[in-house]
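If you scroll down you'll find the structure; I have some questions about it.
Per-chain residue numbering starts at 1, and chain names A, B, C and D are given in the order in which the chains are listed.
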Amino acid sequence: MDIQALLDGIVAELAGRRGEGKVADYIPQLAKVDPNQFGIAVTTVDGEVYAAGDAAVPFSIQSISKVFMLTLALGKVGEALWRRVGREPSGTAFNSIVQLEHEHGIPRNPFINAGAIVICDLVLAGYKPKEAIGEFLRFVRSLADDDTITIDRAVAQSETATGYRNYALANFMRSFNNLQHDVDHVLGVYFHQCALAMTCRQLSRAGLFLAARGADPIGGYSVVSEKRARRINALMLTCGHYDGSGDFAFHVGLPGKSGVGGGIMAIAPGKASIAVWSPGLNKVGNSALGTVALEMLASRTGWSIFGA
Amino acid sequence: MDIQALLDGIVAELAGRRGEGKVADYIPQLAKVDPNQFGIAVTTVDGEVYAAGDAAVPFSIQSISKVFMLTLALGKVGEALWRRVGREPSGTAFNSIVQLEHEHGIPRNPFINAGAIVICDLVLAGYKPKEAIGEFLRFVRSLADDDTITIDRAVAQSETATGYRNYALANFMRSFNNLQHDVDHVLGVYFHQCALAMTCRQLSRAGLFLAARGADPIGGYSVVSEKRARRINALMLTCGHYDGSGDFAFHVGLPGKSGVGGGIMAIAPGKASIAVWSPGLNKVGNSALGTVALEMLASRTGWSIFGA
Amino acid sequence: MDIQALLDGIVAELAGRRGEGKVADYIPQLAKVDPNQFGIAVTTVDGEVYAAGDAAVPFSIQSISKVFMLTLALGKVGEALWRRVGREPSGTAFNSIVQLEHEHGIPRNPFINAGAIVICDLVLAGYKPKEAIGEFLRFVRSLADDDTITIDRAVAQSETATGYRNYALANFMRSFNNLQHDVDHVLGVYFHQCALAMTCRQLSRAGLFLAARGADPIGGYSVVSEKRARRINALMLTCGHYDGSGDFAFHVGLPGKSGVGGGIMAIAPGKASIAVWSPGLNKVGNSALGTVALEMLASRTGWSIFGA
Amino acid sequence: MDIQALLDGIVAELAGRRGEGKVADYIPQLAKVDPNQFGIAVTTVDGEVYAAGDAAVPFSIQSISKVFMLTLALGKVGEALWRRVGREPSGTAFNSIVQLEHEHGIPRNPFINAGAIVICDLVLAGYKPKEAIGEFLRFVRSLADDDTITIDRAVAQSETATGYRNYALANFMRSFNNLQHDVDHVLGVYFHQCALAMTCRQLSRAGLFLAARGADPIGGYSVVSEKRARRINALMLTCGHYDGSGDFAFHVGLPGKSGVGGGIMAIAPGKASIAVWSPGLNKVGNSALGTVALEMLASRTGWSIFGA
């Protein structure tokens, strides 16, 4: 299979649709991004990297970071983590607070905002916010094997200044005793985590362990157990696209996690880790063109986990 | 891989746990079932059948029938079906009506009761209830290659007499014009569909086309397109276990559909179709022992779709 | 105070606004009513009757009937009635089902549809539907001292044929065991009760006992105790206008009950019983012009219960 | 009518029930209050003051302060206030956030926490928090004609430190642009307002204008227009006891506002202003004994607004 040709073909076919969707504007800093960009990269389990389009342009990975932070937190606290966050699709928007009131401050899963905030609280145990952010950054850099990856402070500040909804979620969970640290500290970690800037190439590299039974096939070391890798993939499949998770599974058929920056990381177990990016979002807040590109790729490679 | 030995081992290991969970009692006829039964069957894509325990005892497949009815309806109306039912996990119980009020009578997916009722309405187009039920029965018999499969009329009557919640759902959707036929007719089809009695052997045989790219590998004919088979599997993964779908994906990692009769049908794409049955249900209404058995099987075979 | 002059003045001032609002169209029979009609009648506790506009034209009183049926039911079962229906404003639409799911089939109050259906179930105890309807009709006729009052069968049939939402509510409560009779029987009573046709004159006369400490000051007999009259008034104030009850209290300041036929019955305790009718409804489903007229009347008479 | 004898009788009859209910413990400072206290005071429109029990003991008036702050805000911004807060009962708990998500950040009424926070935001326009608190304190002192009334700083600090739920509500509304000032500033005003300490005597005096057509009958000056006084009373009746407002209207029949400190202020229009206090709360968060005492008083005086 000529993956490079596949990616080039997808970029060419979608050239006329660049700019589709609506760039997220509730985070001021994100609203400034050029909507016509589109990149895609694939890192296979045997270590090959393929890329096309704007695959070398850093973008704000936003909620995709939740996969890495969950991985980090599971390494620290293990399965006890699930006492404080669920594993079910939410059936509501990424920033909904309704479910929290009905379910006593326990978020439905670690990939909606509330759940990711609880994960930050867990990672903070015994650390100062700066230390926790530092550890997270080092973890992602090691996964991507690239020390140039940085956090975009302007984005982090932009969210700190305007992220009222996240302050609401955090304070709400605090009132149910499902946060143990200072709300400002927890959100400090959360906003910085979301502000991680990565390219499609870096992102597809960083997710490779999830396609390769939990081990990094290039570096040759284990990141998580095979079982844990499967479980993280399962969570991405059922909960990775907020209230569009069912549709993404239906159309693409790969575990994936999207971010409002327009990025999506998708995993083809045993095959490859994929990153795609285009800033315009569809109605449920996932990259419009990115979703289309992944559907094309999954269909043409036969990588869907729901086929033979 | 010695599948027969695997099944025998699972049956032996779980012998001491028979009777776990709580038998559904809201349908009087189901409450009478002996809770200590447990059966499992696997039909592989190359046509081999393995079975252990009470795999030849017929049970009420209940909601598992929704997979077959959806398949039948997609064959009739195609993708237009999705104008009247969604494809997202519900985040609520199987018989919740809250979501319907918030989303104007459009059920979240075809595997919750409301969604399955809409599917029955679609299948009724141009038919009388008896004809629609007849067509459905013939379809399942042909999938299972077994003309002895029947509908348990006592169960159907039991549900007709006491299924107030389903009458509520149907009338509610009718008020939003999302049912086109008489409520009694639609529910007549629905209750008879749910009352289908099958053994684990028959059920695993009937699901085989979903494991085999949409074609029946034994009969050698196409049931649905490869794409449609993938999509039905995706729906089972995200929505097949009501508000326990995320957990089932997390622990088992296979597309599956459960019924309150205690049965679960699971699909390992490219590998096999699996049926398991034990009447006791867990907290979210899925077979307690059946779920455990599937987790054991998926783990020991490596069939999880989230691994390599 | 010259009440007749007041009423004439209101009719004259509102002449140019006749036809405001939107006639209820979900009950086919109601959609045919001439929207330009407007009537008002006042019966004082010393037995005087004042009327203006179309006060002698019968209209479908719809939900206003819930006040009379509640009164009848309280007479039969007493305060035990409150075990099956609450006394709180619902904060939702008149036909919402969401609250019922969250609160286990117990309706918030007797003036939303679900609550009124439970009241019908209570009144049915020991009776056939026809007998219960007959008893209700006799009760209202005696309150209004007018044997010519009838039920509009065409309206009742229209609702029986299209009232899917009410069938949903009734079946839903039945599933929670909060209905004891056959759903069709209960709704038969409910639809006939709502189809009562009365004029403003008759309606203001029928409500007089609520303005007069529970006794009929003209007939000179007791209908309910003084305490019960106060409590029914309190319920009308907090729950009588669905999700517009707060606004009605704010603007008019009188206990009242509206119906989708465009009628409103309002009570000025110690002063008078008032009926107003105009078919066009405002956004929350209460008579648009009727509400305005009552605000004018309450303001000019000083009858608001919130003033001195 | 010998009001003093009535109050003495009520205090005597309830002596054996002191301590009923559950003292609010979510605000640490309030949890320390002696639960066996009970006081009642009545100030009539002709200027007489009657008191019994612990009527001279200051307590934290908490949410009762919302009535005074609303009055102050209406004086500043007039009816435009209603663009940012509704006038309907909520049908939910005092601190629910669900409604806010469904209704885009507009609280249902000014007497639930969210609504009162918006009112504080309005009062802050052009002021610093300290100035706004100062103005509020002067306003209440002038209403009560008592300059010794103070804010209990320990209570205010206790709430500032632990009021996560209110921080959640405020940030949530800020995300919908329904707060214009800094969340900390708005809540600073809110927490200080709630921490007002008053005795039953002072409180019944301060509410007198609402019983007397908006004017202070003792001081002889107008506080609000007669119409506005009626409307504030209407809001207290429909929304003054959270999700127990319907029940309070049913049993007591007077406009009233409760606070979690165990106080209730009730208004008998044209008759008197009443304050009662006992720390133990009933299930919906209103003073258990206070409610009983008011029901006795309203019944024995005939002051219910729903009677003649």
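Assorted remarks:
Just so it is clear, a residue touches a chain if its C-beta (ideal position, glycine included) is under 8 Å from a C-beta of that chain, and two chains touch if they have at least 3 such contacts.
Chain labels with UniProt names: A, B, C, D = Glutaminase.
From a predicted model like this one, the values you see are computed outputs, not experimental measurements.
Steps from subunit B to subunit D, taking the shortest chain of touch contacts, total 2. Set against the C-alpha centre of subunit D, every other chain centre is closer than that of B.
A separation of 32 Å divides the Cα centre of subunit A from that of subunit B. Centre-to-centre, using mean CA coordinates, subunit A is 55 Å away from subunit C.
Subunit B and subunit C have Cα centroids lying 47 Å from one another. Subunit C has no residue in contact with two or more other chains.
The touching residues of subunit C, counted against subunit B in their complex, run 96-98, 101-102, 164-165, 167-172, 174-175, 183. Only residues 45, 86-92, 99, 108-109, 211-213, 226-227, 229-231, 233-235, 237-239, 243-247, 249-250, 253, 255, 269-270, 299, 304-308 of subunit B touch subunit A when the two sit together in their complex.
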